[in-house]
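By written order: A, B and C. Residues from 1 in each chain.
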Amino acid sequence: MTKTSDTGTKTVIENAHVRALNAFCGPVESSIYRKQQRVIVPTEKSFDALSLLKDRGFDLFIDVTCVDYLEYRKAKHRYGLVYLLASTMNTERLTVRLFVDDPKPTVASVVPLWEAANWLEREVWDLFGVDFTGHPDLRRLVMPEEFTAHPLRKDYPLQGRGERHNFPVITRDHS
Amino acid sequence: MAVTQSESPILELPENVVVSRLDELASWCRKNSLWPMPFATACCGIELMATGAAKHDLSRFGAEVFRFSPRQCDLMIVAGRVVMKMLPVLQRIWQQMHEPKWCISMGACASTGGVFDTYAVVQGIDRFIPVDMYVPGCPPRPEQLIQAIIDLQDKIQKEGTIAGREFNTRQRQEKKRALVECPETLTLDAARNPNLQRELSKSANNLN
Amino acid sequence: MPTAQPEIESSSEARSEDYLWTLNFGPQHPATHTTLRLVLKLEGERVVDAVPEMGYLHSGFEKIAEHLTFNQYVTVTDRMNYISPMANNVAWHHSVETLLGVNLTPRCTYIRTIVAELARISDHLLSNGAVGLDTGAFTYFLYAFYQREVIYDIFETLCGARFTNSYTRVGGVSHDFTPLVIEKIRAFVKTFPKTLNDMQRLLNRNRIFVDRTQGVGILTKEEAINRGATGPVARASGVTRDLRRDDPYLAYGDFDFQISCASAGDCYSRYLIRMQEMRESLKIVEQAIEHLPSGPVNVGNNERTTLPTKNQVYSTIEGTISHFELSMSNRGFEVPCEESYAAIEAPNGELGFYIVGDGEDQAYRARCRPPSVLNFAMFPHLIRGHTLSDVVAVLGSLNIIAAELDR
């Protein structure tokens, strides 16, 4: 990282990892906000790009999450996936973003690269309905198996659709 | 029991004998040997642990024998929020407990859903299982839980019967009014979603 | 309930499967402490495989974050990792302030450092106490819990709530340290090492405890990195990563402390790491309380994040305007349409929030990065080949908190 911006404005700065990504999958959009380096990679090349980054020293997989941009101003895509990478050798961090869209949001799974992604990707599938191809065991993680919706999507209401009341009632008679 | 067939109108009782009603004796025994079953799911569980630990020491009130097997317990303390996935487990454990049994709903989340008015959290366990005592607070202090246990002991002493007739009173059998609202929230969306409509009719049949 | 599978098949592989038993463990079980569920495959007493199941406490924390303002949501973070709520408060507002670009006052950074370290001590007390409880050392648990009560008492004096504190605010904290709080923390710093020594003498060389934890649930360094372990679990496996040193947030750059590491990676070293970290945390608290800077605890009116004091509201025009604007729902914080991630070293590992702002004073999306999920995901890897009684030791040493796990 050659220069950092404290004011919080976006500045495109050359970074060794960004250069490597540029050479690998064409020009990627990169920016810095609050000293955090972020890149946007093309969805179809996500696995190869992340694999390249792993080889370049990002050995610790911090998190993968999803943002539903349904109500976001000026958003071009519906879902944005966010991969947070870090290194145990130094203090570098990198945020990798990519976009997927309805009707069938799909992205390549990174479980072959980091075992840590296993449950985190299951959680994204559970709460957002983003499909991960190549995931060994893509089941719901936190919601019950019979649940049909993906609750963290913006078009799902906070109070749910009445599923939480759909249980038998036990009175003193039953017990 | 010193029931004598003596002719004399004044009963001559030997020393160390107390006359009482059988119901009261049973209630007295029951209230002083409550065995709690801690159904601790969340934050309140830590306060429940604090209540049992050194400083607050629940054993002063005869209710410290935490047993994790529902078969051995007669007081269920639901501490913490209960969510959709957990509710069937809660109901099953409640049914596994032997009569007579009581239930304390500890904390705002167990009683009403608390701050978690979301898709997954059950808005009060009293919608689905009978509850005897509610403890406010998020989480309640250990003193509050102790007070709830003392109050429950009073209640057992006052209205307990050896045959458990107090559980059959009409007031205890009534469904909570909040339950009536449930189908409405379902039908709102059912108008749009035919799948849900089918589910609704199925669950309505089950309920009836 | 254990069920044997009676069918006999011709292939030898299927026949060896016949002897496996399936045991359901949880979600309501004393040794899970919280609501976890494991489906264990047993061969006699040996665990062949374990399938962890979670979600028994999923309450939609991240969905609530989209409906509450930055200051309101701190009450919900209390309920996240509920054995160290203070650390969650600090983590949440650290992330929010990173997004908003608020620079804290020196006194505030020190205060937050102190409460975060006290939270670490209380977390480790409970998690180590629970390991003791599960392996049969009940007295040890009582020792640990008594000291937690002392920390509860400090927090209660500080902000009125003994347990769910909701202490931090954007750009500051809700209550400043009073002389009484400082006195109580000083007393704690003085008396706690004695209890810690007692606890160490009780368990560190206890034959039963050592036999039950040493060599059990070994996590190698490579696996720890690959499976995303952070915090004490990673450090017990030799990963020398601690955000307090690597990326000094708050006031950690000013203090002298050690990062405790071990190389064995078993339950016993995870226990020892936690014991050692309590001593180091105490060192930090001691240094911070003695060098506590004076000055204001909240950022000034210009930043327009914290409410001004009553004195300012009634005597200055800036204070009045600031108070009015902060109370209006549409004139609150200036939130950029940006996304950022910031993390702290919570007692359990790296706890961070990825916040998307869209100009409103509530997050468009607030993702919590929970250390417990990754720790619990590696559980089958740790338990394979060990006996059934080791399950509780491994679970206890990972210190899994269900509310943080499921959110």
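We take it that a contact is a pair of C-beta atoms (placed from the backbone, for glycine too) under 8 Å apart; a residue touches a chain by one contact, two chains touch by 3 or more.
Since we're looking at a predicted model, the values are computed, not measured.
Ranking all chains by how far their C-alpha centres lie from the centre of subunit B, first place goes to A. Distance from each chain's C-alpha mean to the overall C-alpha mean is smallest for C. Each chain gets one centre point, the mean of its Cα atoms, and the points for subunit A and subunit C are 23 Å apart.
Taking the mean of the C-alpha atoms as each chain's centre, subunit B and subunit C sit 31 Å apart.
Rounded to a whole number, the gap between the C-alpha centres of subunit A and subunit B is 43 angstrom. Residue positions of subunit B touching 2 or more other chains: 85, 118-121.
Within subunit A, the positions touching two or more other chains are listed as 142-144, 151, 158.
Annotation for subunit C: residues touching 2 or more other chains are 55, 58, 60, 63-64.
Those residues of subunit C whose C-beta lies close enough to touch subunit B in the complex are 27-30, 33-35, 55-60, 63-64, 75-76, 78-79, 82-83, 126, 141-142, 145-146, 148-149, 152, 162-164, 402-403.
Considering their complex, residues 54-55, 58, 60, 62-64, 66-67, 98-99, 101, 223, 225-228, 230, 239-241, 246-247, 336-343, 350, 352, 354, 356, 358-359, 364-365, 367, 369, 373-374, 376-378, 406-407 of subunit C touch subunit A. The residues of subunit A lying in touch with subunit C in their complex are 8, 33-34, 36, 38, 59-63, 65, 67-68, 71-73, 82, 84, 88, 91, 95, 114-116, 118-120, 123, 127, 140-144, 151-152, 158. Interface residues of subunit A facing subunit B in the complex, by the touch rule stated above, are 142-144, 147-148, 151, 156-175. Touching subunit A in their complex are the following residues of subunit B: 84-85, 87-88, 91, 94-95, 97, 99, 101, 117-123, 127-130, 167-168, 172-173, 175, 179, 182, 185-186, 188-189, 193, 195-196, 199, 203, 206-207.
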